[in-house]
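Next, two complexes with chain A in common: one pairs it with chain B, the other with chain C.
== the complex of A and B ==
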C-alpha cells in the first residue's frame, strides 16, 4: 500500500498544472485523427528534459491516458477513429451520434474509460509482480494464436454478411504484406517508393474511415441543399452514470479483456477494443442492436482501451521491455532522467514511480471531467452543415496522414485507400474488418515465421505451436470462437425459415 | 514610444541582415530513419539539445522520424527527396546503411551522403538469459559445435549491426547457429532472450547494460576492439579467442545529402562536433547508458571507407 504515501507529490501546484494541461492537451490531440497517443507522448518528451523526473512523468502519463480516451471524440462524432484503439468505438458510437445521441455516446465513452482506466491502474499498483510473469510467458507461438483469435473476430465484426467481413479482412491482411519484409529480407509489392515501408496504419485508418464519408457528404451537399438538421438531445450526466453501471456485462467484459490484452507485449491496445466489442456482442441478449447505436458497444470498447493503459506499462516498468510503441517512447522519457526500469524499480525510485502511477489515477478522473465538458460542446459538431464538415474532415485527414512521418507518400496512400473504400462500401464491405486485417496481418505473420524458424532448432513447428498449456488454451479459444460464429449463423438461419 | 519603435526597427534590420549572410536562418530538420523512442531517436534528441545556443547553430534542430524496413525507408527518402540546402540533415547508422547498400535494393550508398560528425558508438554484445548455462563465449561455441544449427540467437533484423556481429561470430568460431531476426527491433530481440524464447542474442550495449542492471540477462562478450567503460568486467570477443573486430559497432552520427553547398558542410562540420561535446549532452548520454564517441568529418569519412571494404568482404559469401 506504499502508493498512498506518495499522493502528496501529485497535489502540488506544479504537478496539478501539468496534470490538467496534459489531460486537456491530450484530449485535443487524441481527438485529432493522426495524432496518436504514441506521437503525442513522443512530441512531449523534449519538454520533459528540463523538468524533474516526477514532473516529466506526470505530464507524459496524463497525456498517454487522455489521448487514448480523446480518440473516442472523433470516432463518435465523425466516424474517424483518432487512433487504432478507437476503431470499435465508431461502430456503435457513431450510430448513436447519427441518432442525435452524440452527447450521450460521449458521456458513456468517457465514464467507461474512467472505470476501465482506474481498474487498469489498480492492477498495475497491486499485481505488478504477478502480471510481469504472465507478460513474460507470452512467446511467439502465443502471440501468433492471439492474433488468430483476432482474425476469428473479423467475420462477425459488423452487422451484415460474414463472408464480406472476412473478405475485407483478407484485403487488409494483403495490404499488410506490402513493404520490405525484415525477416526474409525481401521486397513485397513495392510498386512505388512511398510503399517501401509498407502501408502505415494511421494514414490507412484515416483514409478508410474518413474519405468515404467525405465523398458521401460532398455528394449529399451538392444535391440536397436542405438536409434535415440532426437535433442534438441533451443528456443528463447522472443518467449516463446509471446507464454505464446498468450495463455490467459489457463493462466487465471490456475491462477484463482490455487489461489482459494490454499486458501482452507487441499486441498493444490496438485490438483490445475490437476484441471486447466482439465478446460483448456475443454474450449480449440484444445482439441485433449492436451496430445500430447500442450503448453496450460503446461501453465495452472504451472501457477496454483505457483498461489497457495501466497493464501495458507492466512489462516496461518491471522488465524494461516496452510492450507497445507508446511504452517505448515512455522508456525514453524514463532513461533520459537516468531511471532504468527493472524488477527493483519500485524499491530504487519509489519517489518517482509512485507519484507517476498515482497521477495516472487522478488523471483518469480529470480526463472524465474534461471529457464530459467537451461532450457538451462537441455534440454541436453534428449541426455543422455537411459540406463545411466535409471540407474540415478532408483537411484533418490530410494533415493527420502527413503528420505521422512528414511524408506526402502517406497522404497518397490515405487518398487511394479511402477512395477504394468508398466503392467497397457501396457493395456492402466495411472498413473496420479491413483495418483489423491490416493490424493483425503483420503480428500473425511475423510471429508465425519467427516461431517456425525457432522450431527448426527444437522439435518442429507442430510441437512448438500446439503443445504447452497456454498454446492449448489459446487454440481452444480460436476453435470456440469459430464454432460459436457458425452455430449462431445456423440458428439465425433456422429462425428465418 | 518612438524610441522603442526605432529600437525594434533597428534590431529587425540587424536580424534580417545577419540572417541573409549566415546559415542557418531557420530551424534545421534532422531525419531519423527509426521510430520515436528507439535508441537512435532518443540519442539524436539528446545530441541536438544545445543546437539553439548562439555559439552552436543558433537555431534549434527538429527531429523527424521516417521509420520502416530497418532504416531503408528513411535513407531512400534522404537520398532521393531531401532538400540539398543544409536545412535537412539525416542521422546515419553504420554498419546498417552500408551493409544494406551492399546487399542492394536501395537507392543509396556511401557516395550519396556527406558525413558531418559522429556522436555515438554502441557496440554489439552477446547476451543470454540470467538462468542460462552459458557463462562465457567458450560455452556458447562448445554448444554450437556439438549442436549445429540448434543454437537460436536473436537480433534486431537483417544486415544491421547485430546481424553483422552474428555473422562474424559464426565465421570466427567456425560454427553454424540459427540467427532469429526480430520484427520489433532490438527491444523485441531482447525480450526473446529474457523470456527464454531463444537461447541467446546479440543486442546493443546500451540496452543490454540496462537489462543487466535490471537482473534479467548476462552479458558474455563485447564485439569491439576494447572493453567498454560501461561494462569494464565484460571481456571482448578477441579476449575470448574469437577473431571479431569492431565492424558491427553501431556508429551514430549526422550527415547531409550529396550536393549540399560546401560552405554549409564546412560550417556544420565545424559546429556539430562542438555541439556533441557540450556538457549537457555528455551528462544526459551518460545517464541514459549511451556510449559516446565524437568524431569529426574527416574521421567519419575514413571510418565509412573502412567499413565499406570490410563489409563487402564479409557479405560476399551470402
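== the complex of A and C ==
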C-alpha cells in the first residue's frame, strides 16, 4: 500500500497542471490520425528535460493514457482510427455515429476506457512490486535472456514477417553497439563524427516514429482532404454509465483481455482491441448486431486498449523490458532523467515512481471527463490537413532532437534513421523491434559480457547461459515465441493459397 | 510486383550485415567486439535469408513504392534534407525552419497558387508555428539553437 503515501505529490499545482495539459494534449494528438501514442510520447520527451523527473514522467504518463483513448474520437466520428489500438472501435463506433448516436458512442468509449484503464493501473500497482521482488534474484544470464525475449517477442509478433521482425531487432541491437564500448572504451562502428557518442535513444526514437509518418503524409501528395465529421447530438451521460454497467460481459472481457495482453511484451493495444472485440462477439447473445453499431463492440474494444496501458509498464518497471513500443519510448524518458528501471527501482526511486503511477490513476479520470467534453474539438483538430501536420511534426522532430544534447549530430541521426525506416517499412520491416533492440541492446550486452567473464572462471559460457531452471524457461520462451510466430505465418499462408 | 524493390532493399540490409560482421570479426581487441560478433552472426544469417528469398521472388511482405508515391514525396524529402543538413546550420534554426515550413506548405497545399487567400493562410500558419516554436524552445526550454548567418 506504499502508493497511497505518495498521492500528495500528484495533487500539487504543477503536477495537476501537467496532468491536465498532458491529458488534453494527448486526447487531441490521439484523435489526430497519423499521430500515434508512441510518436506523441517520443515528441514530448524533449519538453521534459527542464522538469523534475516526477513532473516529466507525469506529463508522459498522462499523454500515453489519453492518446490511446483519444484515438477513439476520430475512429467514431471520422471512421479513421487515431491509433492502431482503435481499429476495433471503428467497427461499431462509427456505425453508431452514423445512426445519430455519436455522443453516446463517445461517452461509452471514454467510460469503458476509464474502467479498463483503472483496472490496468491497479494491476500495475499491485503486480509491479511482487515481480520486482522476484526479479531481485535474477543473475546476469537471466537478465540477458530477458532482454533477448523483449526483442524476439516483439520482433516475431509486430512485423508482417517473422524473419524481417527479428532482422529489425538485430539492426537495433547493432545500432546500440555504435560508439564507445563500456568496458574497454574502444570506438566501435563510428563511421561519421555524428556517431562518436553512439546513437542517442531520444533522437533515434523521434526519427524512427515521427519521420516515417511525415514521409507517409508527403507520399499522399497535393490532395484535397475529404474527411466528413458526423455531427454529434447531445446524450445524457447518466444513461451512458447505465449502459456500460448493463453490458458487464463486454466490459469484463475487454478489461481482462487488455490486462493480460498488456503484460505480454510486444503484443500491444491493436491486438488487445481486436481480440476483445472478437471474444465479446463470440460470447454475446446479440452476435448479429456487431458491426451495425452495437454498444458492446465499443465497450469491449475501448476497455481492452486502455486496460493494456498499465500492465504494459509492469515488465518495463521491474525488468527494464518494455511491454509495448510506447513503453519503450517511456523507458527512454526514464533514462533521460537518470532513472534506470529494474528490480530495485521501488527502493531507489519511490518518490518518483509512485507519484508517476498514481498520476496515471488520476489521469484516467481526467481523460474520461475531458474526453467526453472536448471530443468534438478534438475531432475538429483531427481534420487539420495532413500537409500542415507533416510540416509541424518535421519541425517538432528537428527541434526536439536538437534539444537533447544541443547537437546537430543528433538531428542527422534522427533524419537518417527515420528516412531509412520509412523505406524499410515499405518492405515489411518494423520500427518496434528495432527500437527495442536499440534500447535493450546495452542491457543485453553488459549482462552478456559480465556473464561471459564470470563463466570463464567457472564452467564455461554454455553451462552459465543455458543451464539452470530459470535459464531453460527463458530460452524456451524465446524459442516458443519465434516458433509460434513461424507456425502462424505458415498457417496463414496455407489458408491464403 | 515489386520484386526488384524487394531485391534492392534486402540487398542493402545484407550489405550492412556483411560490413558489420566483417568489422566485428576483424577488429581488435576481441573482447570489445564479443557482443557485436554474436549479434552480427544472427544479423548476417537473417539478412542473407531475406536476400535469397527476395532473389527467388518469394519476398511478398510490404507493398514497396509506386512511382506516384515517389514523385509525391520527392519535394518533401528534398526540402527536409536541405533544411536539416545545410540550412539549419548556415541560416540558423529558426530562419531555416520558417523557410522550410513555408516551402512545404506551398508544395503540398492543394489550394491553387493563384488564390491570394491561400497565400495569406500559408503565411499566417507559418508565422504562428514559428512563434510557438520560438516561445517553447528559445524562451521556455532555453535551447541554444545554431544562429547561422545571424551570429
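Keep this in mind: the second predicted complex is superposed on the first by the 269 of 497 C-alpha atoms of A that agree within 3 Å, B and C clash if a C-alpha of one lies under 4 Å from a C-alpha of the other, contacts with A are read in each partner's own complex, and residues count from 1 in each chain.
In this section, a contact is a pair of C-beta atoms (placed from the backbone, for glycine too) under 8 Å apart; a residue touches a chain by one contact, two chains touch by 3 or more.
Everything quoted here is computed from the prediction, not taken from an experiment.
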First, second, both or neither for A:163, with chain B first and chain C second: second
Contacts of A:197 with chain B and chain C, given as first, second, both or neither: first
Partner chain(s) touched by A:177 [first = chain B, second = chain C, both, neither]: second
Touching partner for A:461 - first (chain B), second (chain C), both, neither: neither
Chain B versus chain C as contact partner of A:332, first or second or both or neither: first
Which of chain B and chain C A:406 touches, first, second, both or neither: both
Chain B versus chain C as contact partner of A:100, first or second or both or neither: neither
Which superposed partner A:42 touches (first chain B, second chain C, both, neither): first
Contact residues of chain A, present in both the chain B and the chain C interface: 46, 49, 183, 406
Complex contact set, residues of chain A against chain B: 38-39, 42, 45-46, 49, 136-140, 179-180, 182-183, 185, 187, 193, 196-198, 200, 265-266, 315, 319-322, 325, 328-332, 335-338, 340-344, 405-407, 442, 446, 450, 453-454, 456-457
In the complex with chain C, residue positions of chain A that touch it: 46-47, 49-50, 159-161, 163-164, 166-167, 170-171, 173-174, 177, 181, 183-184, 186, 188-189, 214-215, 218-225, 385, 387-388, 390-392, 394-396, 398-399, 402-403, 406, 408, 411-412, 415, 419, 423-429, 441, 444-445, 448-449, 452
Chain B to chain A touching residues, read off their complex: 35-38, 41-42, 45-46, 49, 64-70, 72-73, 76-77, 80, 103, 105, 107, 149-152, 157-159, 178, 180-184, 187-188, 190-192, 194-195, 197-198, 210-211, 213-216, 284, 287-289
Touching residues (chain side chain C, partner chain A) in the complex: 2, 5-6, 9-10, 13, 16-17, 20, 23, 27, 29, 31-36, 38-40, 42-43, 46-47, 49-50, 53, 59, 61-65, 68-73, 75-77, 80-81, 83-85, 88-89, 93, 97, 100-101, 104-105, 107-110, 125, 129, 133, 136-137, 140-146
